[in-house]
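You will see two complexes here that share chain A, one where it goes with chain B and one where it goes with chain C.
Showing the complex of A and B:
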């Protein structure tokens, strides 16, 4: 009976969808499920070939990116001193805007699958690295003492205890990484590939082909959800426990002002040095490959420096106007729905699997749909950012709310406290650490969302500026915009992290230990 | 092999100035079982961890069998049963025991492992993962693991905390026989005075933190301990003496008005 009831919601949604699509057929925004199925049936060959190409690139990127993540995580644990720099570099690379890295990689690699595979690898390494680091660290100290008590060292502990203990965390990371690799491969295809799902998506949007746009979104969503479920299924056959819900590494240890400044300075210097040395080593044309000193020149010394700065400032303000409301709306909506589900648990049965699956749907697929539905204006942009932020926040908050200590809720119940009172006094405080972890990791995600929408739809802001300067070969502007966007993401991440530490001091001091 | 442990001026002060163990001199006689008793948080476990090489001493020296402690650690001649069973959840009871043998670079002998599993009363659970065991069963598995490597020095940090009363009595009857037969030097940290008297040859009573030795009581009871041990007047005498030393140690640290 309950099994049958689970299907009522989705079936009703499909019927309504079909009805609305026919009702608003003249508006050219919504394709009916029947029309999507028909399109898929009639173009099965075309779609299968494109999907094959994209899947192959995504798989290659998935392997390379995850191998890099596992090596880096191992390095950070084996040489603890390297962890801060590994994390800082990883964060900066994660914050690089896809909109700009795509065209840059196209120039580097030329035609072929290079950019697709690289972007897929770049999209996954961070989502795997961070949970893996958490897992490798989250080993009870007694287990490590056991290894030490038999006179064995760090390497034995890493191989015999930490590696196995972090396996569930690795799975959690891989589950998010699989759809991310697909997203990366699609973005790579946007930059001038010949075949693949990304190429078809661009074509569908350009031709205003509603059925094709929806059909592609359906296929990409199905791939993302299937990849998520397949990894979960495979893991459950091996694991003794469920993969944990991990969204972000725990907040960094509290440092004093001096060591914080030292750390930031050291990381910045390391990144600048890598940038400089990397470009020199690759022996790239200085017309295209801009070094830090080229940017100083373009932004402060060149005759048109004032105009360059003004263009960047204008684009930044256009981006921020949409970024803030979208980011906050997504956080608020995620936390609110999670609390609603705690108060009405029956909602969870249908909402949870759906939310977990939708968390992995690539923004590249949703962007054209939201633009079709809500237009290229403010509402569409803000909604897309909010959607991007919503799912991870929702899952994290629900997890946090359920982590509320059983004894504390029992005490509340023994005083006949209402569900609402328990929510307010016990569950919400227990949720705050997860909420802030989600808020932190969502800073780069929301910036990715806003720049993608600006690029694909609105034509404003930093996203459009990067796309435009790439197509005009204005590489000073492109590199400056990349640095600005990356800085915005890293700064936002740091600010939310600082706020998170304040909250954790009160609500979860053990996480700061 | 029996080893003697000699602590000279061994002390621990944590960064921040918290003094956990005052400089103390202590010799654990080879092949004997010594119990460390003291109030909660007095530094018993810190002392055990220093002897295990898991915690660095702030000052003083420690030798195990005449050699620096690090050597024993390197030879894997030591085994610890922790307060928390700390079994690896992805390994079965048998695999957890095998891990200890691997870590100590000792051969796995299925028959020996089966015998240990039988000894701690886990027959039929050898291939069960810790998640499916009760707290007491996990603790027994951890004890089997500690015994498996046939250590020269066995350190037990309240290993019977989660074990039910009946099993506790059974283990107390069976275990000393094993480590005596092998000549293992054993250090037992416990809260329970009766357990200390039942299991050990000697009881060291520690004061509240920072730990200092307030009494060194020789347990003059025959081995193996008789089944009616607790009914013997000598047993009660030892329990009373230990309690007296404990209360004396606590009283020394209380403000005058409270005494």
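Showing the complex of A and C:
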């Protein structure tokens, strides 16, 4: 009986979906489940080949990106002084907007799968690096003492002790990385590819082929969800306990003003130097590869500098109008659903798969769908950003809520406190560190979402400005927009971090120790 | 690399089969020698938009001229100009307005051929609420990429239409907003979104902007001044193959469509859509001018008209942007 009841919801949803699709067929928005299945059946060969290509690139990027993350994390632990700069550089590279990195990678690699694989690698390395850095430290200090007492050095400690201790954290990173790699590979195809899921997605949009659009989204979702579940399954076979959920580096310790300024200055200088030297080393034409001095010239010295700055400011404000509500809505929805599941655990059966699916669908297939359903206005864009932000927040908050100290909940229960009261007084404070960690990592994720929607659907803001300036060869504008977008992400990340320190000082001072 | 070796095998088979190719296969010593490998950067995903080039590839029009050509597809995030500037691609497909923009940013480009004599930009509308002349747009909502605002402005200026009476709604990559009634018309290519609507059974009208004074050469062939000076023979061979390919395309658009689908089975192409696109492209590419002088040609008059429209788009160019010497050699 309970088994049968489980199926009522999904079946009813499918029937409604089918009905609505037929009712509103003339709007070219919704494809009926039957039509999607038919399309999948009739075009199985085409879709399988496209999936094969994109999956292969995503897998290559997944391996390379995660290997890079492991190397960087090893470097940061072996040379503790390098950690801050590794972190800062990694964050900046992670915040670079896809819309702009794609074409540059195409030039660097020429024809082939280079950009697809690189974008996949770039999409995954940060979410692996951060948990790893935490994991490599999550080592009981007596183990390290043991290594030392045998007269062995840091390297042995890293390979024999730290690597083992960090394994669960690595798995946590890999799980988030799998769908991200798939998205990176698809966006890479936009830089000029003959085949793949990204190519077909564009084709379906242009051809007004709604069945194809929905079929592609279905396949992409299924693959991403399967990859997520498969890594989780493999991890549970190897690990004895659930992998920890760490989405962002723990809040930084409070530094004095002087050392903070020194750190920011040093990181900025390192990034500028890398940018400059990198372009020269790669011997890229100054027509499209702009150096920092080109931007200073374009933004402040050139005769049209005022217009350039005005165009950037206008695009930035268009982007921010959607970014803030979407970001906040996503955080709120994630935290709320997590609390609802704590209060009514049976909700998890329906909510979890839906949440994983929402997160895993590559945004370039969701973007057209959400815009089709909710329109090109504010609602569509805000919803899309919220979807991107929602899942990591939800998973992190759920983990945090469950970590509430057992003794505290026991005390509350012995006083006959309601579930609601326990939630408010014990679980929510316990959730805050995880919530803020998610809020920080979601800053770049939400900026990625908003620029992709602007580029592919609404034609507004920074996303559209970057696409436009590339097509008009206005590479000064493109690079300026890249710097602005990256700064926005890094600043947002820093601001959320500052807020986090304030709140945690009150609710979870042990996190800041 | 894999695909290009596959193509050359195919092209050898094709030349063996075709009467034209039979003469060159085996007889031409150049085929036996190492061929010069060049990249040719297309401006969009593979489709019949470039079918003439596929014919040149398939029938060995380039191979018999000593070239091994790799056709690089474009895409929504693949600007054409950088690979041509950097030399990754010997030649690229652009449009006069984009080329003018790149030149003003310091790219040393020349237009050496014009595939689309008539600009493909059009105003598409539903038959129930049609746009038949520019003034019909007043009071309407138009869906378009914001990037194309200067294009609409130019059209309005040329035809004395009140630009401020048109409401611009930013849309991208899809005819859906028009079909769903979010906008009253679209600024798009005549060969692209309207074709998709027709194939999906949505009755629509297109008003070609070229018929209303918008004169901007499109699908133009661009090379750098440096390659024009130093790799002239390769460029002549590349254009000669193009000219032969597009001549064959005009003869039989259905065969060109079938070839496109056969060469790119993974591109998700729909035959009906591709064929209609191929047919609608013909009047844009071939005219009395090209009949008299050859594919890709232009005259001082058409260049003057282009300079005038480009001026309305805010692009100041001179006739130096166009260099006809390659075409003169090819058609000479």
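Before moving on, here are some points about what is shown:
As a convention for this text, the second predicted complex is superposed on the first by the 498 of 513 C-alpha atoms of A that agree within 3 Å, B and C clash if a C-alpha of one lies under 4 Å from a C-alpha of the other, contacts with A are read in each partner's own complex, and residues count from 1 in each chain.
One rule holds for everything that comes next: a contact is a pair of C-beta atoms (placed from the backbone, for glycine too) under 8 Å apart; a residue touches a chain by one contact, two chains touch by 3 or more.
Predicted, not measured: the structure shown is a model, and the values here were computed from it.
Taken together in the superposed arrangement on chain A, chain B and chain C fit without clashing. In the superposed model, the vertex angle chain B-chain A-chain C (Cα centres) comes to 150 degrees (nearest 10). Of the two partner chains, chain C is the only one that A:204 touches; chain B does not reach it. Judged by the touch definition given at the top, the superposed model places A:414 against neither chain B nor chain C.
When the two structures are aligned on the shared chain, A:147 is found in touch with chain B, with no touch to chain C. In the superposed model, A:285 makes contact with chain C only, not with chain B. The wider contact with chain A, measured as residues touched, comes from C rather than the other of chain B and chain C. In the overlay built on the shared chain, the residue A:164 is in contact with chain B alone; chain C does not reach it. Of the two partner chains placed by the overlay, only chain C lies in contact with A:187; chain B stays clear of it. In this overlay, which is a superposition and not a single complex, chain B and chain C have their closest Cα atoms 46 Å apart.
Residues common to the contacts of chain A with chain B and with chain C across the two structures: none. Listed in rising order, the residues of chain A touching chain B in the complex are 140, 142-143, 145-152, 156, 160-161, 164-165, 167, 239-241. Per the touch definition, chain A reaches chain C in the complex via residues 26-29, 46, 49-50, 53, 99, 102-103, 106-107, 110-111, 187, 189-196, 199-200, 202-209, 212, 284-288, 368, 372, 375-376, 455-460, 464, 467-468, 470-476. Residues 3, 39, 45-46, 70, 72-79, 81-83, 85-86, 88, 98, 101-102, 105-107, 145-147, 169-177, 179-180, 182, 192-193, 196-197, 199-200, 202, 264-270, 273 of chain C are the ones touching chain A in the complex. Contacts from chain B toward chain A in the complex involve residues 49, 52-54, 72-76, 78-80, 82, 84, 86, 88-90, 99-100, 102-104, 129, 131, 149, 155.
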